[in-house]
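Two complexes follow with subunit A in common, the first pairing it with subunit B and the second with subunit C.
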Partner chain A sequence: MKLNIEGLLVYFPYDYIYPEQYSYMLELKRTLDAKGHGVLEMPSGTGKTISLLSLIIAYQRAFPLEVTKLIYCSRTVPEIEKVIEELRKLMEFYSKETGESNNFLALALSSRKNLCIHPEVSSLRFGKEVDGKCHSLTASYIRAQRHSNPNLPVCRFYEEFDAVGRQVPLPPGVYNLDDLKDFGRRKGWCPYYLARYSILHANIVVYSYHYLLDPKIADLVSKELAKKSVVVFDEAHNIDNVCIDSMSVNITRRTLDRCQNNVDTLQNTIHKIKETDAAKLREEYRRLVEGLKEANVARETDIYLANPVLPDEILQEAVPGTIRTAEHFVGFLRRFLEYLKSRLRVQHVVQESAPQFLKDIFDKVCIDRKPLRFCAERLQSLLRTLEIADIADFSAVTLISNFATLVSTYSQGFTIIIEPFEDRTPTIANPVLHFSCMDPSIAIKPVFQRFQSVIITSGTLSPLDIYPRILDFRPVTMASFTMTLARTCLCPLIVGRGNDQVALSSKFETREDFAVIRNYGNLLLEMSAIVPDGIVAFFTSYVYMENIVASWYEQGILENIQRNKLIFIETQDAAETSMALEKYQEACENGRGAILLSVARGKVSEGIDFVHHFGRAVIMFGVPYVYTQSRILKARLEYLRDQFQIRENDFLTFDAMRHAAQCVGRAIRGKTDYGLMIFADKRYARADKRGKLPRWIQEHINDGSLNLTVDEAVQLAKHFLRQMAQPFRQVRSTPATKGTEQVSTFVVWKGRWRHGYRCLNLAFQSQQLNNFVA
Partner chain B sequence: MDEEPERAKRWEGGYERTWEVLKEDESGSLKATVEEILFQSKRKRCVYVCVCVLIMRHLYVVIDCSRSMEDQDLKPNRLTSTLKLMEAFVDEYFDQNPISQVCLHRNPKKHIAALKKAVDTVCVGEPSLYNSLNQALQSLKHMPGHTSREILIILSSLTTCDPANIYELIKTLKSLKVRVSVIGLSAEVRVCTVLTRETGGLYHVILDESHFKELLMMHVKPPPASSSSECSLIRMGFPQHTVAALTDQDAKPSFSMSHLDSSSGPGLSLGGYFCPQCHAKYTELPVECKVCGLTLVSAPHLARSFHHLFPLQAFVESPLEELQGDRYCQACQGELKDKSIFTCTSCHSVFCVECDVFIHDTLHCCPCCIHSQVTPL
Partner chain C sequence: MDDQGCPRCKTTKYRNPSLKLMVNVCGHTLCENCVEMLFVRGSGNCVQCDTPLRKSNFRVQLFEDPTVDKEVEIRKKVLKIYNKRDFDFPSLREYNDYLEQVEDIVYNLTNNIDVENTKLRMEQYQRENRDLIQRNKATLTREQEELEELLLLEQQGNEQRRLEVLQEEQRQLQAKRKNKQALLDELEQSQLPATILLAQHKVRAAQLETQIEQQKQTVKPTNLFSTGIHMRQTVSLMAVPKVEEVLYHYKPLQVKTYGPPVPELEQLGRLGFLNSPHSYSLLQRMSGLVSG
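Moving on, here comes the complex of A and B:
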């Protein structure tokens, strides 16, 4: 169907459109018009992806000079593939409707592991191995050496691509990873490099977050993407953690040992080269004197995405003399390494800021701040000069040099914590140096600065206003959309008491309480008797789950549950978990029924969907607060309070609720799906917790579903499940418009729709208020 | 106004906001809505479609007697309630399908007795869908192809303990054209959805007791026949009921063949149905002759099964205002008060809602049509 969104002609490849999709597009268009950033929340299963794609592509076609590229960032490879499939559908619709073959190029990009077609390299199991092997076949100096020695192994796909592929652009079309591989095989070109090269002129790029947020990768891949791009972060509810992880460094004794080996290898290689090819080192020296001028020019002319590891100031200067020659630099690294080793020999926990660390290192081993800042660049240069084939071996020393650069560059936003042992095992010495980023805005800042529009979207982004604050940007639109439903297919229940009126809560004081554990067991037992097929239960942590399950076993609750359903448990071992998941699904499929016990923030809670019978109920035992005794978290909370005026409690609750919402949201993956959402903790009934749930869940929580006992919840659940089991006529009682040949004008519907709009307005108002305050 | 059948006790049901259903019209009156509701409740009828059906049915009813049957959400508990409804079902079933069988027995009385006995069963353990289906299948697969093979499962439990892969069994059922229907007492179970979808059966989950009854009664109607099912001629006997005249001194009381194996029931009697082939005596029809294996039915039985083949056409609904002439129902002669009337497509007689339902559900023929056929004679 064709839609008219404020004057923009949008092709939509389905016959029906939900009102929330329409309003989503409307908001999106306004964001693009204003050339600003946006935060949009819409529940999963309402066609978020297709709304995004069809509007942005329509915009691209209407204003080719305003928006040149869409960069769609998703989290996992299956999600990337899903986006590409939607895109394919849209493109087919376009060519059917307009009758002309469009010249859009859309492609997915993933790691070498997923794209390599070299028979030997692609058979390697780990991504790092593939990367290393590939590098050893395709690095420029290897290929240069090959001119003199043709017996060296080489990747014929890369050679072919290098010889021909760059001149011939990828023909327009939609390419997923397999399409790229097929195309590569046909032409004999390397799909990975072809894709990396093609994203520069592609209209739509779909890839993982890390290609944009992780400075090490972004520098390689996304540096040259056009400024007039729209960047979309899908499933972005955890974006702050991704940012923080990409900037944080953890150093253990193992890292240091490996680093020591790396440094020794460097030393040996330098000696060897000095005997054979001293001119090369001299050439490098000359280049370093001139400094990083080129990088500076490029950044000024706005060609590159800025790299947060490469701060502006160092671009202006030459590499300092103390680390300019290769030997001196290796000596410098040695000293730095020894210093780190001495720091790791502590007996008690140390927490210090970056300036304190710098002062200490200056006092102890006389290392200045300036050479530290150049460390990362200098190492890259050295590795290039020494023609080291397998970069993967040098990950340890790269990590250390990145750490050196970061610690000397940012005086704020980072903290250094050295822990001699883990809290749980105080007798086993396992010193770790956490260099932890506390400010997610550092990693994402270049993205906001460089690109015209950045859209942050997910099914669970409530409360919306916190994201702009922690990511430090000013959105032009913030909106939350609800789900219009033909029937009430979700049933959130807050169970606050056991049948014996004992308050249910996972809070610290009652964690060991026998009565609470028994009541939790009773809840699961009762639910296992009335919920068909699959139940997913989430605990707040692995430790808590272990305690409770052990206790249930002793009380015989597990045995009773097993009469109704089989029990599977998620563990920290990935292989074990995927095995459990497989068996769980089998048990749901053949009618035996199963319960999956898993952990909020675990693999299951983030990435696995439990559609239809795989998840008829989700039970959330307790509020999934992050482990608050962690020093890293404490430091981050302190930082948030000081820098962004976000109170600790607010942030903790926000974080807990977004994970809870993620967990319970696993069960509803579309409008035909249905499921129970059971929040088993009395604290959920409080307004501050409840108010932070996404609006599409909040809407269905009424006074009758607050602070229930187990029995009451069972009654409500039984009724709900019977209602849902009635044959579901696919009536489009949701106000949906049927597409016509003409551009359909939009009708404002009554009821729910108007309500949705009112909430939207409220969001606007509160945002305006924020701006006013700011 | 007729009260809806009480669902257990009022306070045990969910919280109902009955007033929210009511809507005021422009003048602020509630009359229109109230009438609408009344009308809807009267008109709970199925759509009558003409389909080819099988009139000889073989139906296996499997009742789950697992632990979950003890649940008290149906009063007094699920098992008792189910069995009570099953008695009604068996009666209705034989009334509508006299020449069919439930669990390979023709005698409704036997079933009811068995059901009564089952009330005292203690429900323990987990059910196995696989085992029950397999057992039913073992007997059903020997049934001739012109009859339907059906299994009706009343499933209360949400879990099943199977000795083997149930999906293999579903394939077998499908290939043998066994139609499996399930009535769930608690919630939708995936494996039942697949089972019924694959074998072409119905899957329903009850809301409450009255809904349960409704769903059961749905299974009284024979299922539509698939075009592939074979047709064949069957030998049937139509014995006359003969009672020896009281004056006849030679008449000797004799035993009915059907009561020979059971100690209970009436003993000697004078009259009865005599098999036209072997002269065995039976007191009740329909029955399969124990001696020569002939199916014995009476003509009205056959006729009642027959109406499934030629169902009465649905009457055309039209608003009362359009009616010309007298506003009287042709059947009950009462005044037409409801806003809709129903017209027979062949004789154009007008009926009210109640009579329409009665004619379609019970009579199965339009009284006016029959009346007009008779008059020319």
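Moving on, here comes the complex of A and C:
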């Protein structure tokens, strides 16, 4: 169907459109018009992706000079593939409607592990190994050495790509990872490097967050992307944590030991090279005296995305004399390393700010701030000069040098916490130095600065105003859309009491209480008796789940539940969990269904969808607060309070509620889907908690379902399930495809005149109606 | 760490956790007991390299690698003499060359390369630059000054925050107490029925809560001048970077319909838009279950 969004002709590959999709596109269009950033929330299952894609592509076609590229960031490979499939559908629709083959190039990019077609390299199991092996075959100096020694191993795909691949651009079309691999095999080109090269001129790039947010990767892949791009972060409810993780550094004793080995290797290599090829070191030295001019020119001309690890001051100056020669730099690293080792030898927890750390390091080992700041850049230069093949081996020393640069560059927004042991095992010495970033805006700042529009979108972004605050940007649009439903297919219930009127809560004081645990058990038992097919239950933590399940076993509740359904449990082991998931789905397909016990913030709660019968009910046992005793969290909360005026409790509640919403949102993945959402904690009834749920869930919580007992909840659930079990015709939920019907269904359907008129207007523009009016 | 030990008596940290390793200028370790035993007279030779050592120069080993201890020791000594600052040089390049020279001296001394000559060079330098060294000794480098400043700021910020939180809590406590007292007074004196008073009290308490909430929200750190400059910060005289930003200009929308003109309101009924799409039979319509 063709749509008119404020004068923009949008091709939409489906014959019908939901009102919320229309409003979503409208907001999106306004954001693009204003060349600003936007925060948009729309429930999952309402076609967020296709709305985004069709509008932005229409915009790109209408104003090819205003928006040149769409960068679509998603979280996981399956999600990336899903986006590409939608895109393919849209592109087919375009060529069908316009009759001409369009010259859009869209492609997905992932790591070497997912894209490599070299027979030996691609068979390796871990991403790091693949990267290292690939690097040892394709690094520039390795290839230079091959001129003199043709016996060295070679990746023929890369050679082929390097020889001809750059001259011929990738033909227009939509490529997912498999398409790229096929194309690579056909041509004999390396798909990974082809994709990395092609994203520069592609119209649409779909890849993972990390390619933009992780400074190390972004520097390699994304720094040359055009300024006039639209960046979309999908499923962005966790984006602040991604930012923080990408800037934080954790240093353990093992890292330091590996780093020590690295430094020794460096020293030996330097010795060797000095004897054989001293000119090379001299050349590097000369370059360093000149300063990092090249990088500076590139940044000034605005070719590159800024890199938070390479601050601007560095580029304008030459490397300080203290670390200019290779030996001195190795000595410097050694001193820094020994200093870190001595810091890790603490007996009690230390928390200090970056300035304190710098002062201490100057007093102890006479290291100034300036050489520290250049450390990361200097190490890269040295590694390049020494022509060390296996970069993966040097990850430890790279980490340390990044840490050195960060700690000396940012005096605010970071904290250093040294813990001699883990909280759970106070007798086992396992010292860790957490250099933790507390300000997510540091990592994402270059993205907001560089690209003209950044869209942050997800199914659960409530409360909307907190994201601009913690990411420190000014959005031009912020909107939350609800789901229009033909029947209320979601039923949120807040169970606050057990049948014996004991308050249900996972708060610290009552979590060991037998009555609470028993009531939770009863809730699950009763639900397992009435809910068909799958139930997913989320606990607040692994420890809590273990305790509860153990005591359910003792009380015989588990046995009773197992009369109704099979039970599967998520564990911290990824392989075990995926096995459990597989079996759970098998059990849902057959017989009486199953129960999956899992943990909020775990793997299941984030990426797995429980469509239709895989999740007919989600039970959230307790409020999933983070572990509040963690020092890193405390430091972050303090920082949020001081810098952004966000109070601790607000942030904690916000964080807990976004995870709760993620968990319960797993069950509803579309309008034909239906599911119970049971919040089993009396604290959910409070306005401050409830108000932080997404609008589309909040709307369906009425006063009657605020503080239910288990029995009452069962009654309501029974009623709801019986209603939902009635045969349900697609036509009634979604406007029909035939022209005449479409108009009036819209009008009758919602009953609201304004709304009806808008849809009417919409439908008019769709060509199918022309005949009818004439 | 546990496998570190004294090279002479072979005691290790593992066997004797209270073992204290000492290191002298030559960079070789000995444990405290061996030092006591060997250097009873106050001086002696190193067991490993035969360098004459003084007992008073023995330090507790800070780092795992004793050469680092040695290097740091030497570095501190060298830096006391070579303490020129970047503003003592006409260009950054020369300063960097100077730094490298210092680094060379430290490297030579640590690795026992050309020690005599290097020492001579140092002495000569010291003689030549006596005044400068004396002058620079008193001042900190610019970077260190910055650091000190930051630390001071941090301290003050912490203190201030603590006081603020304390005051805030006090105020809230008092307000709540006053509210409660007011309720008691009213219950005692007022003619109104108790339920109304209680309801009023409830409303007042809620208002108080919201007020407190609002106050919390509006609390702003007061370490900023109104111009946005931090108090007690050295003000740089650089021009403030101007933010060039095109303001969003709203243009009224012009709807391009790709079809016939949209019908007027009154036309809708006439053209049959409001009719139901379903054609119901007479029987159905008569039943009254459907309309239209």
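We take it that the second predicted complex is superposed on the first by the 730 of 774 C-alpha atoms of A that agree within 3 Å, B and C clash if a C-alpha of one lies under 4 Å from a C-alpha of the other, contacts with A are read in each partner's own complex, and residues count from 1 in each chain.
Keep this in mind: contacts are C-beta pairs under 8 Å (C-beta built on N, C-alpha and C of every residue); 3 or more make two chains touch, one makes a residue touch a chain.
Computed from a predicted model, the values in this text were never measured in an experiment.
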item	value
Touched partner set for A:613, first subunit B, second subunit C, both or neither	first
Greater subunit A contact set [subunit C / subunit B]	C
Subunit B versus subunit C as contact partner of A:578, first or second or both or neither	neither
Contacts of A:321 with subunit B and subunit C, given as first, second, both or neither	second
Touching partner for A:560 - first (subunit B), second (subunit C), both, neither	neither
Partner chain(s) touched by A:342 [first = subunit B, second = subunit C, both, neither]	second
Touched partner set for A:719, first subunit B, second subunit C, both or neither	first
Which superposed partner A:499 touches (first subunit B, second subunit C, both, neither)	neither
Subunit A residues touching subunit B - in the complex, by the definition given at the top	529-533, 563-565, 588-593, 612-613, 616, 704, 718-719, 721-727
Of all residues in subunit C, those that touch subunit A in their complex	1, 62-65, 68, 71-72, 75-76, 79, 92-93, 95-104, 107, 110, 141, 143-144, 147-148, 150-151, 154, 157, 161, 216-217, 219-221, 246, 248, 253-260, 262-263, 271, 273-277
Contacting residues of subunit A [partner subunit C, same complex]	2, 4, 6-7, 9, 34-36, 289, 317-322, 324-325, 327-328, 331, 334-335, 338-339, 341-342, 345, 353, 355-356, 358-359, 362, 364-366, 368-370, 411, 476, 642, 645, 647, 736, 740-741, 743-745, 747-748, 760-761, 764-765, 767, 769-770, 773-774
In the complex with subunit A, residue positions of subunit B that touch it	14-15, 67-68, 73, 126, 129, 158-162, 165-167, 184, 186-193, 204-207
